[in-house]
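Here chain A shows up in two complexes: once beside chain B, once beside chain C.
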Partner chain A sequence: MTSPVLTLKDLSIDFPTPTGLVHAVRDVSLTIQSGRRVGFIGESGSGKTTTALAIMRMLAEPGRVAGGSIALGRDQTDVLSLDEEAMRKTRLSRVSYIPQGAMNSLNPVMRIENQLWDGIVAHEGKTDPGELKRRSDAALASVGLPAHTGRLYPHELSGGMKQRVCIALGVILTPELIIADEPTSALDVVTQRHVMQTLTKVQAEIGSGLILIGHDMGLMAQSVDELAVLKDGELVEHGLTRQIIESPEHPYTQELIHSVPLVGGESFLSPAIGAPSSQKSSAEPLLEFREVSKVYGANTALHPMSFALDGTVPQIISIVGQSGSGKSTMGSLMLGFNAPTSGEVLFEGKDVSRLSPAERLHFRKDVQAVFQDPYACFNPFYRVNHALKFPYERFGLSKGAADTQRAMEDACVAVGLDPDLILGRYPHQLSGGQRQRLIVARALMLQPKLLIADEPVSMVDASLRATILKNIYDLKDRYGISILYITHDLATAYHVSDYVIVLYHGSVAEAGPPKEVIGAPRHPYTQLLIDSIPWPDMNRSWGTSRSADDDVLALKKMAEERKTIFRGEVDGFTLRSFAA
Partner chain B sequence: MTASIEPTPTAAEARKTARQMRRFDNPWLNPKLFWGAGLLLGIVALGILGRIFWDPDLVFTGSAMLKLPPVGFENLRGQAGTLANPLGTDGGGRDVLALLIIGAPNSLFVGVLASLIGMGLGIFLGFTAGFVGGRTDDVIRVLSDVMITIPPLLILVVFQSAFGDVSLTMMAFLIAGFVWQSPTRLIRAQVLSMRESGYVQMARLSGASTFHIMFREMLPNLVPYLFGSFIANVTTSIVTAVGLEVLGLGPQRIPTLGRTIYEAINAGALIQNLWWWWGIPTALLAVMFIGLLLINLGLDEVSNPRLRKLS
Partner chain C sequence: MGQIPASYLMNRLVTLSLTVFIAATLIWIIPRLSPVDPADIMLGRMAAGAGSVANSEEILAQLRANFGLDDPLILQYLKYLWNTLTFNFGLSTASFPTPVSSLIAAALPWTLGLMILSLVITFVIGNLLGALMVWERSPKLVKVAIPAAMVFTSIPPILSGLLLMWIFSAKLRWFPLTGAYGLTVEPGWSWDFVQSVLYHGFLPAMSIVIVTFGFWALGMRGLMITVQGEDYTKLAEAKGLKPRYILYKYMIRNAILPQITAFALKIGLLVAGQVLVERIFAYNGMGKLLYDAILDQDFPVIQGVSFVIILMTALAVFVVDLVYPLIDPRIRHERVSA
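Let's turn to the complex of A and B:
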């Protein structure tokens, strides 16, 4: 079982672009033994997907392999010298690829089993229908799906099920090598654990090699045997997972490991610098929900909920939940983008949906937001300073062009950006991290009373997350801005917040100070969430004996129960939730 | 891809590639766009220069001998072409060159005016439908969908027969009634997707007015689409106008390319081998369409960088 299934020797890949030749991958040498799981980890642009695509000979134009060799399988087939037809036969039958966002790569107008049969027929020619049926059922069974799934269409399956269908498709011809490119990046933690366990189980059954591409050190630690760390197209470190996690040698690897925040671990934030001044001007609570609910058609996004954020002392309130828990709905209700179905959203005692134009402008100035996607937040038509300059002038904060310029420069410096390099550029010339920091700078410039941060770091490279969170945290600490932090990431919520609300299916599951709620959860949902997080710690077990189906059942039960556990109060924030 | 860029050997070569890159970087410096615009400007120039250097009164009946061939050719009666009528004359003794000088810009004018009106309507309705939504959106959407299914020529034939003689402007207005649907749908779709985009939300957070969001945030990003749609509409409008004119409808007293072709067909120019009468206007129409097509292709490359080739 120790014959190599893949040998990369000095592999280099170039992309000719208008601004010159880009070396996407440089001199990567690596051997993968059969039955081994190897993780490719690195940030976006580090060349991990490009390497994988080169093995499949599916590089996007105009990329090309500039040097080196790729040998596949026990007979050491030279992949680069195969002709198109031989390569077509090799794909799927000898090396299969489970793409990023695989849930979108199923054909929406074909039944699942027909898609599985397509793979077999394309490689083995006309096959007896009974035989096809038997093999597709077996493949589905191997990923834990019942046989009747084969008769369904993709839209009838959940995200996790679609992902498992893609795995079934990848293993149906028992390839020697499986490449899984961020197979769980679009799934929530509970489903992620289930899918990863399925993938590793199937891979172990057919004894093939596995390349798992990802950026999450925790996920890697829990699922692979060897780690290959890539940076700017170079392989900077390669070795056994335990060895790399416990004693990383390259500074970049160390940075990657330390950038994963841990629950209960050391905080990445500096302690409070000084007593922050309050911005509050009225006696009313800063933000208040009065029995607010939101219903979309037949779907209840948010069950009636009341809370009051006093805001005299700036605080960070975290709202934690998976996708579909109603946390983003809460965010848009607070911003007044959406009107509640019942109840009232009050800002300083005034109903947000019934403001006069002048009051509305004030409300807009006082309540700002940082959104999830930093790429979409800038109008591609304007230079990035438009996003800072326009609101500053619109809210009447500016005392002339020079003042605006100075304010923009100060804000940039405060979030650690060089204003001379950044402000005159177009959005596409900046990285995601730079853009997100600019959005934070914008919030800082406007000095709002309340900031809604909706998943501010989920689309930013791991090494920058801590920095950006620190920038946001500083808003509270130095500028006295209260913050509602909406996230799916329990670990960061644990560190930054004063109070945590765990949402599930539109109602509060557990709420209280973070040390209680996340440090020692009592609600089964919070416990399940925390159990499902993959930690970059080899001694902490991820795959528990509980089967995934039990998890699904338990989740369903919790959704019906809508039980709330309160774990203590903090000054300045009160929460009431209405059980069914 | 954050990786190093290969150093170029000599400074002169570096400057040369830099210059090429700059040319590549500015998408508006597109050869197709240049040639297309050049052809259309040529037709406009023909109209302007022709009025200065040629006598536009020669479009009237009987201003020269009948059915004279262009210079260097002979007609069936054995008459040779003369310099007084370099492109020959038609069956009514009208000078073909003068007909082109007056007629070609007229055809272009109808197309451009109809398209402008159509685009204006389309932008207004598209933005309204996309932004206001609800019942308004339903009405506009159904209306434009229904209008797309109606063959414009049929309706126009009825209209024109009812009106009898129409002016060029009137004709443009009639055609505009059939070219607003596709820009409406295009803009509505773009506005719907843009309305939820991050930068529009940011603008709302910045206290921007609806007017500001529509015209300062959204519209600039629509410019390439609008240009493309405009040019496509000009083509459609000219085709429709020429179609009507060749059927003998449209303006009766004003020379246009379509009307000239109609008269040529009507007078049996095809049988009598008077090729210059119908052939030259047809060739000019072809030049016009090629120009529009090139502009459209060029704009496509401008708005979609993936179509641009690495030179």
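Let's turn to the complex of A and C:
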């Protein structure tokens, strides 16, 4: 028997700002039945999180509900009319919230079980310690965590484990509605699948309604029954997931579905005709690893590996893997931020850890980087021009102020930004996508020979990912820059790269051209990664929570094996990894 | 958490000893860079007292011999190190022949009492007010009154001291003007004496508290704002926890951690006393001892006081290093690899 657990009627939320009233949510009406999973999808600023926070009555200042009503639970309680104390008691016991930032959502100085207990005690009053322990252990067990996890502190848990603790917390008082706000956005695909399947399993067990907030159409397709598409605070489309995925009506929904890059799908790139001229000036390979390894304490981040990227023909080499696979370690070794434990990292034949100051300056100009976090890459006190202008002048490329200005404008145009709108602004006035494109523009201005892009699109909205990747691809395609693309996203690696290296626990699992490695993987790890990708395709199975558990166990075995499968060569790049 | 590994303890102890050793050496070197001859100063003082001194050359030589100033530098240094480690700081030149260690022993309890009392009061009040400034549910009055009270922070303690003296001692006559205890009571562990000490210590302590609580309040405010924005604070609210519980167990509990480090560093510094506060209240603590010693160029006292200050700071940091893992589980006593 289903009954409505949430009814939103003409809900409107306003944020008064110095420049006027912002209508963050406009006239949203929606009903969620018990046991149903509803996805709120849209890009950042679409109002999906704001709507969820309004249900919790936790809107950030100065936001307020401007109109409409929120009715919660079987008795359709009017949430907006509850007093503070009644609202406090409603939270967790009737509607629970699983937050986005799994990494920081738990109190760092409190044991896990204490953080489950204080939730129970806040709603049920003083409870017998044995009873508390029994309930916290049961909650942890329901999300697949052993009882001893309760005695640990948050920093002793992995990201996936912390997120499962948050899920355990979300169901411990069997609420009527669970709101999960991008619960897996900080996790890699394998963990994401594990966490999502845990969430849907416990939600089904307690029969509550679920709101899943996200921007990944694939994840939605695999997890929810209904989809609510939000754009600029309006509900533009709502219906059964299958129906929306297979025949989306609103153009925005169509765009969301098509912006997901698929393995083997249509390419979103538009390659230029004719090979670009190479930037290479030395007979030595552009970048070379000679039996490079990196060890941190007792932990081997990278097992010895050698490769040579010739660079005569510009190429994109993708390094893919989960967090902890050693891919970012490789990136920082290439940039000379870290010295290898053994072996040598060579750029144009010179050891990057032993450069003279003059050579180092050249190296810094020739090797540019794009990092994951477009927010952290700008000094907030300077206009964005500074980030573009300063290195250009510092590396002696400028021929006067007019030249610098023209170079900045050209670079902006090259990445599809309007220089009149962008230059002269402060970083906080730009969106994440704009900032990340500026970082690409900055790299382009310096005419590097090599670009190291470490998760360049993992923090920008799905709809912008393709655009930014296209910008990066163009650096190779039009400007002859070789690129090392470090990512956890196999679908984009499939499209942009000439060669793919799949890393697992610091050693190469599988390597070769993307059509082979990603299109038809042979290594069980690569296969697992591909199976874990949520596809916006209702007919494709994402496995069950049982299979996700098994896969996590299988991963541990693979770490010990350290076997490499080579899937073919490409000209200008050779790779060798050393077995245990 | 749990047991402190012996290797960690050793490592901390070595650091502690090294700090104290380097500091002791610097204290010895710095006065020797000064062109002043302590024997000359003593002679000058005798001359000032008696009008003139006969056989001044002989006396000078005698004094130099007595103070070991004729020994080779390295020998002076080694003797000094040994003496310092045994808390033998020699004789004061100004209050000759009182041992420096007994001067310090007489002054230290007063300063420790006054300063630690005022530091603890300041720490508690300052951090609590800082936390309340940020807490959403604080009464409106608190949010207006605290920033206004910060005005006092910009007053130097000497002025706040004079102000308090003028209001409470001179005008209202509630508290005594000077001294650490009444002239009529015998020092000792009697109730009368303790009462007198608290009575005399109140104004100096208050003059320090009102000018220093702002340091803690503003620091705490910044930390609280950071903690308030943390995901775990938001989740605590979403968990339906009681607001006061969130304030103590989630917000203050996390925000206070860096303040505890600052507290340890302050303990060391405060042994030096609030020099001017002790001075205006004629409070016989370390600050006054140091102040007088500097005026009199009484090197042994300056050296002795400086050493005690450094020792206290190093000890306080040592203690914090040991207890920190108990209050922050993320910090562990790492086993030091050889």
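Couple of notes before you dig in:
Following the convention adopted for this analysis, the second predicted complex is superposed on the first by the 571 of 580 C-alpha atoms of A that agree within 3 Å, B and C clash if a C-alpha of one lies under 4 Å from a C-alpha of the other, contacts with A are read in each partner's own complex, and residues count from 1 in each chain.
Criterion: a residue touches a chain if its C-beta (ideal position, glycine included) is under 8 Å from a C-beta of that chain, and two chains touch if they have at least 3 such contacts.
Because the structure is predicted, anything quoted here is derived from the model rather than measured.
Once the complexes are laid over each other on chain A, chain B and chain C cannot both fit and instead clash.
Contacts of A:F40 after superposition on the shared chain: neither chain B nor chain C is touched.
Touched residues of chain A, counted separately for chain B and chain C, are more numerous for B. Once the two complexes are overlaid on the shared chain, A:F573 sits clear of chain B and of chain C alike. Of the two partner chains placed by the overlay, only chain B lies in contact with A:F371; chain C stays clear of it. Once chain A of one complex is fitted onto chain A of the other, the partner contacts of A:K89 are limited to chain C, with no touch recorded for chain B.
When both complexes are overlaid on chain A, the residue A:Y252 reaches neither chain B nor chain C.
Judged by the touch definition given at the top, the superposed model places A:P108 against chain C, while chain B stays out of reach.
Contacts of A:N379 after superposition: chain B is touched, whereas chain C is not reached.
Legend: residue contacts after superposition of the two complexes on their common chain; A:H123 is shown touching chain C, with no touch to chain B. Two complexes overlaid on chain A leave one chain B stretch from 207-215, 243-251 or 297-305 clashing with chain C, and it is 243-251. Overlap of the chain B and chain C interfaces on chain A comprises no residues.
Here chain A touches chain C in the complex through residues 56, 58, 88-93, 96-97, 99-101, 103-110, 118-119, 122-123, 153, 155, 166, 169, going by the rule given at the top.
Considering their complex, residues 1-6, 21, 24-25, 197-199, 201-208, 217, 220-221, 310 of chain B touch chain A.
Taken together, the chain C residues at the contact with chain A in this complex read 230-232, 234-243, 245, 249-250, 253-254, 257, 327-330. If you check the complex, the residues on chain A that touch chain B are 15-24, 26, 45, 47, 62, 232-233, 335, 337, 360-361, 364-365, 368-369, 371, 373, 375-382, 387, 390-391, 394-395, 439.
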